[in-house]
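Shared chain: subunit A. Partners: subunit B in the first complex, subunit C in the second.
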Partner chain A sequence: MRAVTLHLRTTPARWAVLPLAALGLAILFGRSRYWIGIWPEAGAAAQITGYFLSLFAAGVSAWIAAQVTVRGMREQLAAAARRSIGVEAGRLAAAAAWIVMAYLVVAVAAFAATARTFPPGVGAFFSYLLLGLVPVLASTAWGWLVGRLLAPMLAAVCALMGWFVLTSLLGQFAQSLRISGPPWLALDLTTILLRLAAVIVLAAGVCVIPLTYRGRTVVRALAGPLGVALVVVVHVNTTLVTYRQPASDPLCVQGAIEYCLWPEHEKYIPLVKAADARVAALPADLPLPPRVVDYALSGSTVYVDLTHSIERQGDFPHEFDISEGSRWGLARGIATAISREIFKSCAVQAKPDPERRRDQIFAWLEWRIAGGGSPDYTTDAPGEMQDAWTVGRQTATRSEPEQAEWVNRTISEVKTLHCHEQ
Partner chain B sequence: MTALLGPNGAGKTTLLRTLATVQPHRTGELVIGGQLVASEAQARRARRQVGYLPQRFGFDPRMRVSDFVCYGGWLRGLPQREWRGATTAALTHVGLADRAGQTMGSLSGGMRQRAAIAWAIVGQPKLVLLDEPTVGLDPQQRLRFREIVTSLTGATVLLSTHLIDDVDAVCDRVIVMNAGRVLFEGPTDELKALEQASMPGHTPLERAYMSLLPAQDRDR
Partner chain C sequence: MNSDRVTHLRMALLYLSTRKVHLIILGAVALGVATAVWGSWEAATPAALDGNETHVPLWRLFAVGSAILPVLSLTGPLDTLEAAAGPAYFRLRHTVLFATFAVSFACIVYGGALQAEAGTVPLVVRATPAWFGLALLSARILGRRSAWILPWAVMCALIYWGPRGQGAYHWWDFSASPPATTSTAWLSAALFALGVGAHLLTPWRVRTATRFRFPRQTEHQP
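For the complex of A and B:
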């Protein structure tokens, strides 16, 4: 038997793996399923589950660390011939290994669910996986720190609540989590590794807290809190997410319009084809744009970072947002592109249109391309605009000849009454 | 086999903790196995030779008996290649070899105490410190304990107790302490020779022990 095996066999953390893994799987598959089949989204789903697990990991870790006092083992550990940092490191590492195991069960499930179709971009999955390790390991170290100071139940509750408060506060100043993993964003691996390194320093700091009041106890006792401070400082001073350059080999589907997607969005091709079939069924005399592209793929915007971007002038294809597999997001983008094509020469409105006919046309197109039903988004648009959308959507339920007549008439009215032809 | 006798508060546990290098000594020098213990590094070296069973020893009830003892060996710094053999030897010594796979929580109180002794003797330390190991044991378990302790050969055993029966049964030397001072140190028979018939007690050793204590401590 090796020391690793011995520690893994003796830590109470081994009893926490199954409940944590079960909880993780429930969160992973219960929260949403759109991520299945898209590597970065699958990685982000596993990663955000890792955050939820980290809350409980903090409690479990604190409870285990405090067991030394409750079980009366402090004296036995203090009499060890091994360095106290080694003894604590062994206990903490074993607890962390089992907790990470629970996280890895979640990660493997997310991987397996997506590996069935194995789309492009598997590398992004692992970067999100690594990001998820940061809260899992940091919470374990944090919990251990609290557990060394308080009684088990109190320590577990305080560690869990404290970790929630700490991460919530940290979220105000630094990006530490990703709710989703769109393909146009990339994680900075250096940042993740730096954060992991800070967490390891925290864990080491927690391990040097003395078991007995002997030697340079004050200096050693400060190591844990200083480790927490280091983790916070590193999080605040590093940038986690950057925009990716538009893919040089986008995945394009030719139909009534050419649709180009990020290669990672391969699974949305059937959704795009279905939308294209509905575009093809629109009245034949409607002008269509040659091409629409996935979000951040047109090159019209140069993203400096998450808060700064530069808009480029030129004839760029219109973008749609198909995130989370939303047919309404896709339809909205295509409808906007077609609407822009229809009113291409209609640059400036001559006089206001109280009926907002352009919005009626847009809503009609959106409803048709989405395939009907209720939109999957909420809006706080002005009342007149929402009234116009209602008119457009209601029209979309009429017969085809009636719709064609309404569309031609409405477009004509807009062009003649409410815009200057360029 | 040396007994450490004395009333509550005599300093028995303090002495054992000092010898186990868990508690720093304020004055004097600590020498274990001929080596001065004045620094943490020296203390760690000394601990390799010391098996210490505190008065309240701790364990995780879900831990296997063999893992519990093996962990004790790891803490003592035993090389990995010796763990298995040392664990088996210690468990055999205390008669728990057939319970190695059970959890600590499933053992009776007496068996737990034996497992704790196995923890203390795993790897055959040269000095074994047992602090009140028979507290809470029934007579049968105490007899079993005595058998185990008397069979510990090759090690100096320092047994802290206030049960004079145990001393009489297993120890060949006695140290009597009171209020942090050594009142007597010598062979058990020599202590018995100090017996005074007027002292309270049921055995010669009890009466001899009582005769060493100051009058105010005798009446406590």
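For the complex of A and C:
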């Protein structure tokens, strides 16, 4: 115990805590703040800082591990009464503890930011937090390995570049990095714990690397690279992210339409209510759908895994995507649902309309429900469709009676000319 | 005269062997090869944009590495002692520093020219001197073994805050914004100059400069 406290008090990693915590806080808050108030998104935001801290941790750890060689202490340590494995484990644990401390500072800040409103679903926050711990610890162990195996001069640079490449490959093939944490995705806790266990095995393997190469110690030197292989294998062969089943008790708001959200999206209720007020204020008397729901909440899609899904036949409420608190995303979903309701009786293979009046109506609805302004998304839709959207949006700026007259006329034109099979 | 030259040569060889310059050159060549082979592979990284990720081609990372490597030639176990060495020694140190940078620069630029993605070379040419400047600055402020810290911190900032959405970058992202941006080229040149300036601003030069201004303060007190 005294040895551990001694290492904690002397490791150079203690100097890294404040800069790393500052970097983490800058990364956490120096971005769009939509994550504040949604637990899984807050967890994902904290986890992203874990990614950046891991980029530094590799260099810091390699720097510290190489310190023994720089000071010319290898022989002394190897000849010490205590076994070098224990000494190394103590040094590595102390370095990791200080680096994790910086991550914890960020985690506490992320928790505090969202805990003020305390929406449902706090468990997901901790899942993401644990996920962010995996790269932090893995890079510390990786850096230590590089610091022990390479010349001290090159250790830090090689460690951080190697770690960037390794973590990018893991991100590509094992989804080890989550960019956002929407409530319809769930992290598998067993997978995270398994990955964490592999990382701890790697850390243990790194400590086994001998200080001096005499006799049969070369075999022990393989422990580190084998640990890296284990981490890679465990990462690639475990599934981290799955789609959740639609929530059985979604958060529903009754207005002109009934809106149902994932319970985690509690903070978006004012946004939904504002959109509903604008739906109620539409100048024309339009048929409204009974219900629209949050993304992946209607049950119309069965998700096999992250990339494969099956669409089910049947009558499901339309979905909107309110991610990142986008009123345009919400408006898009509601506008699509309303325009489908308007043209419900039309044949699927109706006569094509060169003016795309249905798209004009859609764009008008979208603009009205979003509350005006310019959309927050970019599009690569075909030119004639974008022209139709422009017509709809321009109409939305005219006087209310004019709009009502235009909407009723356009709808009846579509219904008479472009609604029936050709 | 002749013996002087031999002494210089012996000193140069000793210096090169203590600084493990062969490792630095090896690293630079490896990074050049890596740039040629994997340079255009794009790693998905988080960005400060709304829920977006961006993609960082690996050559941007390798450019940071190839700029830090030459600065590592300054590290040595007897730094403090060497600070008292004569001008010939410092000339040698500068020569090795800039020669290794030239080699490293040539390797990464050639690697960039060989890789699949077109238009990388101007970006490499612009980014690498800026990273070199930052590494020199970091070495001056934080110590020579910590030359990687400042460039890496800046790299993290560029990865995270540099993208502006839809494949565009802020002008100050000197490793990604379009090569035609004049202000970015000036920024890169300024960082290079800042780094070289910081490197030339040795402790004794600072002392000489301050002694010139404040003669009494630096007088030795008995």
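The rule is simple: the second predicted complex is superposed on the first by the 410 of 422 C-alpha atoms of A that agree within 3 Å, B and C clash if a C-alpha of one lies under 4 Å from a C-alpha of the other, contacts with A are read in each partner's own complex, and residues count from 1 in each chain.
By definition in this document, a contact is a pair of C-beta atoms (placed from the backbone, for glycine too) under 8 Å apart; a residue touches a chain by one contact, two chains touch by 3 or more.
Small disclaimer: the values here were computed from a predicted structure and weren't measured.
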{"item": "Fit or clash - subunit C, subunit B, common subunit A", "value": "fit"}
{"item": "Larger contact residue set on subunit A - subunit B or subunit C", "value": "C"}
{"item": "Partner chain(s) touched by A:3 [first = subunit B, second = subunit C, both, neither]", "value": "first"}
{"item": "Touched partner set for A:33, first subunit B, second subunit C, both or neither", "value": "neither"}
{"item": "First (subunit B), second (subunit C), both or neither touched by A:73", "value": "first"}
{"item": "Centroid geometry (CA): angle subunit B/subunit A/subunit C, rounded to a multiple of 10 degrees", "value": "50"}
{"item": "Subunit B versus subunit C as contact partner of A:15, first or second or both or neither", "value": "first"}
{"item": "Touching partner for A:180 - first (subunit B), second (subunit C), both, neither", "value": "second"}
{"item": "Which of subunit B and subunit C A:273 touches, first, second, both or neither", "value": "neither"}
{"item": "Subunit C versus subunit B - closest C-alpha approach in the superposed model, Å", "value": "12"}
{"item": "Footprint overlap on subunit A, where subunit B in one structure and subunit C in the other make contact", "value": "72"}
{"item": "Interface residues, subunit C side, partner subunit A - complex", "value": "20, 23-24, 27, 43-46, 48-53, 58, 61-62, 64-65, 68-69, 72, 75, 77, 145-146, 148-149, 152-153, 156, 160-161, 166"}
{"item": "Residues on subunit B engaged by subunit A in the complex (per definition of touch)", "value": "17, 20-24, 40, 44-45, 47-48, 50, 52, 54, 56-60, 62-64, 67-68, 70-72, 74-77, 80, 83-84, 119"}
{"item": "In the complex with subunit B, residue positions of subunit A that touch it", "value": "1-3, 6, 9-10, 12, 15, 67-68, 71-83, 87, 212, 214-215"}
{"item": "Subunit A - residues contacting subunit C, complex", "value": "23, 27, 30-32, 34, 48, 51-52, 55-56, 59, 63, 70, 72, 151-154, 156-158, 160-161, 164-165, 168, 171-172, 177, 179-180, 323-324, 326, 378"}
